[in-house]
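Next, two complexes with chain A in common: one pairs it with chain B, the other with chain C.
Let's look at the complex of A and B:
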């Protein structure tokens, strides 16, 4: 048996450079995550909190232009640990000032070549991904079946075309597409949004990945279709036990599918732990952001009593000008006089408060 | 809900509204009668023949009314004609047939000049504010233009009005000189609301005002819309596919399926005691609900074929029948597919209307 987590992200930083603003957009800024084998990790957070960029960094899809990735992404491949960012630092020259990146010189071509070298065979094979917008992610010039067949022939042992096609039909059936043989020859435009998403899931699973990354798999689908896709994912989770990293801003979906949860805010993880602890309304020891996020969802009580929702004041963090101190300080409603100074000036670390529970907040430092 | 009045509420919905705003009888501000909007599409680039033109019935005979100070929610899947209804009511689209009576006047027969004057009282908050706010204008100019189009006022008054608006929608004054792309999603939404209020609108069609917003920002916008309704006595037609938000903000809810209203009634009734199978499926498909109950009760009703509906296919009878679990469980009764008997909206008590042969 293998020991240790399947995927271990340590201090991941992914910055983009905005030319018009002459500044770095710090989309992901020090993310620490672990995905254990067989579990589903849900990542929640508002838009712009860096969920998707984390996923794209793992997939090695942040390459072009002046994007910078530092830190390490360790992935277990056949009992062999591999850093997916290994050697990439040779192609960038980073000038730092007080721990902040001030300027970057990058050999884009060398960087991309190196990144492709590492990711070949892993991307699509050992790690595969379900994208947010299935209609845009599927190739419009290829039939759905053709695309799945291609994935199978590239990433599994099946090299015979006929056999691969049979396998593709099997996967289409597996994700509950009606008359899979007929749909095999359809182009993506001929399928509805829900069907496209099913085809997308079939394609991601067809290569039998060790890690599946699902980036907002139900966003943009109608409520009825959404629940069908969640049902499907739940069923596949029980049957196949694929290790999954599920990204969504919809807490109800996360709470249904995941075993453990990481809450992201402004490019960092503010809280991790078992899903039932973090997403239940009962446990009091939570990061103020998680608590506020849960409170802002309309529930039966609000609807019945017609009382106003508890909104989080202020706006999502601007990842260009990240203030010193805690990232959530400006919107936080649980700052006490005792810790105010610290909140303002010093950033807390992700600290373990109970077994498997980590919170990034000064409140829990006593 | 005041306890003593419960008896009345069960008989007539109007009593509740009356109860909440006891100063005056709420009058009907908008009445929509058998509204139809068909879009036509040429099959080929140069088709001139009638047979080559296909008709898409986006809105197919919709009737409802809206009282002052009331919110009617409009829900349904994408493509069922929600937005088209909103646009047709404000005559941003010309209806194919039917009448829209706003404040006693039939707006379907109005001239452009009359309409222009009326638009100061009815407005729309658009779904995609990236498209609805001019990217080359500063926020200040966007609001100023809206005021100037409808009211002949001096510069100082415009400035005064703008600062009032900012306070109402809770937007920082420093944002006035920004361009729309510099604002966040929630702020853009606030500008959209401010612009609608700036002309003095009393009736507002809010088209998916909370979609594409994060939950924390969504809560801000929902609270804002409700506060404004209480302060200014606004009426909303609230179009959304987010069932929880609709349930929260609306007094009445209309459920649409393929261009028709299939059920209409008090929001609590629609959410907790639906009579139409489609409404039942919609509400039971809420993911969080399933996770909590996880009982099979809701799942049993959910069956049928869930494909995209093809508008081209000729209807025969009830348009929900192909997806309907009741239709299946009753052994496909002929009345459901009989072309002569499409179910009509029938009152099933206390103002609750259902268009189904076999209401639940």
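Let's look at the complex of A and C:
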């Protein structure tokens, strides 16, 4: 089923200008990713590593205010191929002095207009998104069915309201909401969090997108519901074969759903590869961050023996003053004397160490 | 002893309940009363406008001055010039009906636009609009109205335009606050991610679904305020001028005779003002509870 890439993100940089600090907050800083058709790419990383901002950049939702995006996001469907960031850079003017950014001028209206132009028909149609915290992501004053119907009428050929409503009921049934006809007329407050998320998934899938972005779809739900939602996503994945970009900090969810995984740290991708390789328990040929992340998951052994979990020392990277060397250098426990100098002063590239495996670490540069 | 509410039926049956059980009896009474008043006002307005009244509101009958209610077919009696009070009450609606609607439309329309701009666009728009609304707000309304009357003429339409404009800040800040609150909720972002055009998000999702109850209350309150403004200015002699009837100038004209025990010329319009304004307020309140109360937030 795996074919060529559907989405190819190259050197994506999404910065937010902070006026008070006179600097850019580099939320996403040089992300390179590929989502192949039919596969599920899981993106893991701790809070603030730029996962969500990457997703929002793809959706073209980083528009208002001080957001600046560079790089390219190529979106390739069977019929079409376009760069979702085409021409957006022309609307930003950055003045630099001694390497410090002095001012940023952004033609917000022009930027938004261009972004709208590019995303027309893609946003919600070819790429749709599931949000975290489903209760807040549904309009509280519109019935669940009404919202799904609206999405269907907007993005599919169905223009007849009755027919679209039938289709919405079908999708509600598809995501395993019981008595879908009754739920159709309910308002979000009348549904549980899990049901709201099912409704969100129905809404996202109703437009039959080429790419589904699930931004922490299980956050804000309790554990049993989480696992049910994951079951549902897994089932839908097998039935529909939708290409999915799954974002989560929960490695167990990623490991259940993903075909391949990208690990993010401090705004960049530090490792990509097939899920089974990256999430396996062996620590060999892995980025130290991935290894540390995996070591911080409790397993039977840790729980039985009451061994404290291994936390990653230090704090998340300050995305304003990014040090010159490796982003993980300050927290890394596998720096050898041989490479210390390079780790400190030079940033490694994302380098292919095996087929389909890329790691951004000096350890694997021999 | 504890009192338990009996819960019948299955989960989900709630949506099959008859309408009156879902909305609560008090709200229903409010809305029923308010609706009755509004219907009466509209019906009377049409009656008066089509000249279908038994008595001409301007016809002076010097034989029947200050006739008590019920005399010779004058249901509410006559005033100091022998004019039928009921007819004058009905025609008096014309003094505020269209001007009030004008005032409400001005404040809702302008207020919504400014509120959406300030709340949705934010930034410089918000600053500019906030300054503007503060400026309007800080100017005493009555002084503005008197200025307009002095500059032009004591015309109720001019007054109502001023009333409408001075109400703009209230609507603006309400809508702005609501939108800023809503923007923090993900559903606006989710709607954007769904690819809905900004127009649909603003007009349908934000203004219609989330602000409609607010706008309805503002409309009913605005109407009540317009009536109050009209009657008080007419009472003071700045609004509708004699011999054209208005509830305000009717109260004023009848007030001189009130202490002589001839209460009907001023009591009838005063009660009309009271019940009408109460009606508009209760209508707004009841509709608000119906539209918003059960939805949860």
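Convention: the second predicted complex is superposed on the first by the 350 of 366 C-alpha atoms of A that agree within 3 Å, B and C clash if a C-alpha of one lies under 4 Å from a C-alpha of the other, contacts with A are read in each partner's own complex, and residues count from 1 in each chain.
Throughout what follows, contacts are C-beta pairs under 8 Å (C-beta built on N, C-alpha and C of every residue); 3 or more make two chains touch, one makes a residue touch a chain.
What you are looking at is a predicted structure, and each value in this text was computed from that prediction instead of being measured.
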Under the stated touch criterion, which partner chain does A:354 make contact with: chain B (first), chain C (second), both, or neither? neither
Give one of first, second, both or neither to describe whether A:137 is in contact with chain B, with chain C, with both, or with none. second
By the touch definition at the top of the document, which applies to A:250: first (chain B), second (chain C), both, or neither? first
Can A:240 be said to touch chain B (first), chain C (second), both, or neither? neither
First, second, both or neither for A:179, with chain B first and chain C second: second
Where does A:123 make contact in the superposed view: on chain B (first), on chain C (second), on both, or on neither? second
Looking at the overlay, what does A:311 touch: chain B (first), chain C (second), both, or neither? first
On chain A, the footprints of chain B and chain C overlap at residues none
Residue numbers of chain B touching chain A in their complex, please. 77-78, 184-187, 214-220, 222-223, 226-227, 241, 243-245, 247-248, 268, 271, 281-282, 285-288, 290-291, 305-308
Touching residues (chain side chain A, partner chain C) in the complex: 59, 61, 64-65, 119-125, 128-129, 131-133, 136-142, 150-151, 154-155, 179, 182, 185-187, 189-190, 200, 203
Under the stated contact criterion, what part of chain A meets chain B in this complex? 46-47, 178, 192, 194, 222-228, 230, 249-253, 255-256, 292-293, 296-298, 302-304, 306, 308-313, 315-316
Contact set on chain C toward chain A in their complex: 12, 15, 122-123, 185-187, 189-196, 205, 209-210, 295-297
